[in-house]
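Let me begin by presenting the structure, written as structure tokens, before commenting on it.
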């Protein structure tokens, strides 16, 4: 579905992502593990075209999208959930969701608002509340729900579990996994929370210092104790 | 693409700079009016500095002065120049700004040009006049109206070719007393400025003199409205004047402000409710702007060509103007700039010299022919005694929507104040 | 009655005149975060362009406003091109660069107007039937003042509906609050920026067209309006159109009553009121209503 | 009660209608390391802002060493001895490391009246020069003293920020997620650095942290903030076992097989 | 090759440039005609005026849109003092004090706001200064002041008349050099370093115990008094003062000179003023097109070389891009952070 070949991403002269290649099969989940500063966020932003300058090739559904604009990528079916929960503070929950609809433009029909709200019961009760009045966990739910509204075929998620209370993390994981399986969505999940990653995905890439240092299934990963210790301080 | 655009811009900038440089250097030759006079060729030209506002809100005055000056030069050169020497103009933009005015005057002074005319704003005149004294130049202004120039700030190197507010306003008041003897309630809308106040004070003094004298009526001033300079809304002042039941209204708002004021008065049927409206100095600016919306009103002008139909000089200037600039209504500033050069011509021919002292001496007390008949420059305060022209415009059906149906000429001698250079003007 | 009612109407006319300019300024600031000096230039171009089509004919109101609308569209297209070519390059630089670039644009517009239409002052007739006065409470009010007030209120209401009620408004607010995230949701943000800039120009231009019969048309009219509009936008809170509306009314009335009750110091009331309000509320009366950040 | 450094009482803080802090009260004893934990958006940073004066509380009082500083401006609080570091280091990007410290020390020297105007006009006073070297050594940035701050790594920026805060000789140091975004080695170094500074300087440290390893290796006491409310305060072992904390934040043991 | 040569001898190059400029400035009245000397005097004044703006803009991180008000304050105070028959040197000192006081007062009010609000507040307050000058009879109201004498300077042994353009040029040269030296000293001192820190991150600065508002206010007052100094020598040069010189339109002059020359350089405003002066001299005959030419020039400069002329020259000489993206602190550059494609590293 998405293949990234020899991607380099840099800000100014600061090379953050160096020559990485990723492959995400249709409908499957891939976790991108790595500690802070390893290059996870930059990789996602580079794929999405949000900020860093890039070299290399990004193919999505067989099309070269390296030089496409961010919004074009979104309309092709690439969803993005940012790490810092960038919801629109002054818009209500439903308005936030409504903005997410436009990613379906010319491709497919968006989900019905009610359906998405049912999937995220936490949001149902808060539908008329302004985004800025939500708690951290609720905001994170909203961010994910907003991206789902656009019916993406592949969602890039940047540390959705970071800083959330463990209970919320659990609920979020279940929602994401359930939704993705039901609608055959692929995920590229940048995370540090191993439990969360394992729950939502099938494959693992481990990134450090801007380079891929491991790739394989979760079972392969579990065999590599030394790698886990070295790169993730587990 | 972004890079390309930046390069394009860089190239544009450089070409712009080159263009300016070429124009700047080449301009030295181009800028003076072509001297076509065949007979005057071969001799060293007499150069005049023309410093007028050609940008900003006074640019429209400056443009007319420039036109008048160019016409005058062409005529003088065609007629063989001054003392056989061709005449050249060096035109500079003051931007209606005293420091730019001084800068350009200094620049021309250092090129050896000693005779100047032009200047619209009193501020520029007040800045340039002492410079002329210091650097041994001479200047004739063609619009600056501040009393101070010929009174407390007077110096021998400054001359005014135009009528001053004292004469103009008095003439207009006299006309009112003659024409509208029953209009005894007067009001005004003036800019809150020294100029605005002085025009009104002069006009009021005139009304108070002439109404009892001519109309044998007592006069009442019912409303004095002072509007901030550059206001965009005059409706409060307009309604205040209407509410005061004034029947005669005077204004010395000028330029765009005047047009805004006239324009905003129309919906109130302002001009139907009063007997007469007097505009002290806007020449044709208001009618030209308002077209068929022009209300009937009297305008004080420096020079109204129709009044001097019989003067070949005036006719020639008018014809030349119409031919050159495709406009049938030259304003008085055209005539004033023309007269300034005529004054220099007469003075130089009288003195048979072009050095400053000789020219000043010759200008003092000089009587010369101008587009508005004979003018005399008073020796004491360098104020010119000349005719005051007042015109009456009315709206008409056909283009351009208005016409001059009547004009009146008053001789300056009867109206002018006694000279008192160095002392402030006193109104009785 | 009359002594209160007249300055009230005159103040409101002035206020709505300024608001017509300020609304676009505030909208553009709310979304693009730029303060556009050239806005006054487009106001003036709106006036001149309308004049070119109408000249001295008193048209029917319908035709008149149609022409004003058309001029708005033409200038909006020019505005869109300028945004693409010039304005866009300054989004990431310091505010001072944007201020100076738009100021330069204002100078270019002023120069071009002098070149194209000349230095001559002009005046535009009111549409048929709106040139006279209307009697309300025994007081004559210029009919066209009422048109201007109505136009101001209409623009305020429509803009409010557009921003706060329409689906487009949600997108605009989203793009204003967080452009990066919004493009990641499949919305073409640069196009929205271009359109908002052009729409701001459109508002300035129709403001000019509507205001033209109320004013002398001079090549220097841009700067006098832009400063008053700046004041209104800032007092109202940058990016808050409702705030600009209220600020225009407050400052308009202060100015209008100031000329009547404080004739000794004409013109100072506006600035004094503005400074006073900003002294109490340094960031204007309200926060931005567009930016959702 | 002379060993109470900071007491906050019933703090409430609103952002528009949103209640970020809802009646928070707590006391810090002199010399302790107190860690504040809680999910993102719980109000930890807001509480720090209220203590340091960046934001003012809507209700309640902040008392520092017996003085009510609820309405005091932030720079005065710094002069009283409250230092602060931010989650994302706030540094001077276009200065060198050394220059940044000059500024910090110069400011300190200024209010401590250690500057003599004519002599110390262009060059930093001797006090500043000496102290710069000492602090750089202490914090371990000596070899980077001439490097531009904007080219420093994330961890080094945070360390520089800490160094600048140290220049003010703080009595109470507020550290907002000191190890956020650091690699394991950097995290370990930072923990050691905080421990070392704390034992050398004997100041009170109040910090927020997500990394539970860091929390439990540093904390003398822990407070738990959950959406504007203080749920618990106490020794680390007590907190670990507290059912309320487990419910809202930590989860029960064995709930997740990996927790990082 | 050429670049290497320059990079190696950069200091030498700077010294040589400085020497040439000093010689040119000192010898100018000897070879130039009075017209050019007058224009050079104006340029000198504008150099100081623009530098006072850059003291705020580049070295403190404040955009002042009311700098003309302090310039005009200085000019009027000095002119009124000289017109009362006193000596110009006293007038200059008074002007410096007055400019500083007015700036301190208005700055105190404006500094309640930040960023663009600060800029607009300085504009509004500057307009009030203009209105006061415009209405107040003591300042000559709307007519301004005319016939401002230059008087003499008492040097103890000898009285030097300033009437001639040449001696007045040297007086301006001395005042401007002095003013520039003060600004240079301020910006390069420990105090200046603290101002820089405030510009780069005012939150950090205040968490270092720095009274940010006070420092900004002092800087504002210094800039105001330097503008006042520039104004003080302006009046006697032209002989007239108009209230319009206090308006916001005049406040744009130092801004555009600064941006044209290069705001990131101490000598940027000076370069801008000189280039602009030359440009104005060359276009003096192109009457009636000044606003179009000015606008186009300004637009091309900010578009093609946003680092200003000095930025262009340095990048050409030492091959380094000099356009610093604004490192202004979060408070005022919130906009730039929000724009798409901003180089903000979130990792």
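Things to note:
Chains here go by letter, A, B, C, D and E, matching the order in which they are written, and residues are numbered from 1 within each.
Everything below uses one rule, namely that contacts are C-beta pairs under 8 Å (C-beta built on N, C-alpha and C of every residue); 3 or more make two chains touch, one makes a residue touch a chain.
On a predicted model such as this, the values are computed, not experimentally measured, just so you know.
Shared contact partners of subunit C and subunit D, listed by label, are A, E.
Separation of subunit B from subunit D in touch steps, taking the shortest path, is 2. Greatest centre-to-centre distance from subunit E is found for A, with centres as Cα means. Mean C-alpha position of subunit B lies 37 Å from that of subunit E. One simple way to say how far apart two chains are is to compare their mean CA positions; for subunit A and subunit B this gives 74 Å. Rounded to whole angstrom, the centroid-to-centroid distance between subunit A and subunit E, based on C-alpha atoms, equals 51 Å. The geometric centre of subunit A is 43 Å away from that of subunit C, both derived from CA atoms.
Looking at subunit D, residues 154, 181 sit in touch with two or more other chains. Within subunit B, contacts with two or more other chains are made by residues 55, 59, 63, 192, 229. Within subunit C, contacts with two or more other chains are made by residues 89, 114, 178, 180, 183, 189, 267, 293.
In the complex of the two chains, the subunit E residues touching subunit B come out as 33-36, 38-39, 42, 141-144, 146-147, 163, 165, 234, 237-242, 244, 279, 281-291, 293, 296-297, 300-301, 303-305.
Per the touch definition, subunit D reaches subunit A in the complex via residues 15-18, 39-42, 153-154, 180-184, 187, 210, 226-227, 247-251, 255-260. On the side of subunit C, the complex with subunit B involves touching residues 2, 6-7, 10, 13-14, 17, 55-56, 85, 89, 114, 119-123, 125-126, 131-133, 140, 142-145, 213-221, 224-225, 228, 255-256, 259-260, 263, 266-267.
Of all residues in subunit D, those touching subunit E in their complex are 52, 54, 73-76, 78-79, 83-84, 86, 90-95, 99-100, 102-104, 106-108, 111, 115, 120-125, 150, 154, 161, 164-165, 167-168, 181.
Residues of subunit C touching subunit E in their complex: 33-35, 86, 89-97, 99-101, 103-112, 114-115, 178-180, 183, 189-190, 223, 227, 230-231, 234, 238, 265, 267-268, 271-272, 274-275, 278-279, 282-284, 293.
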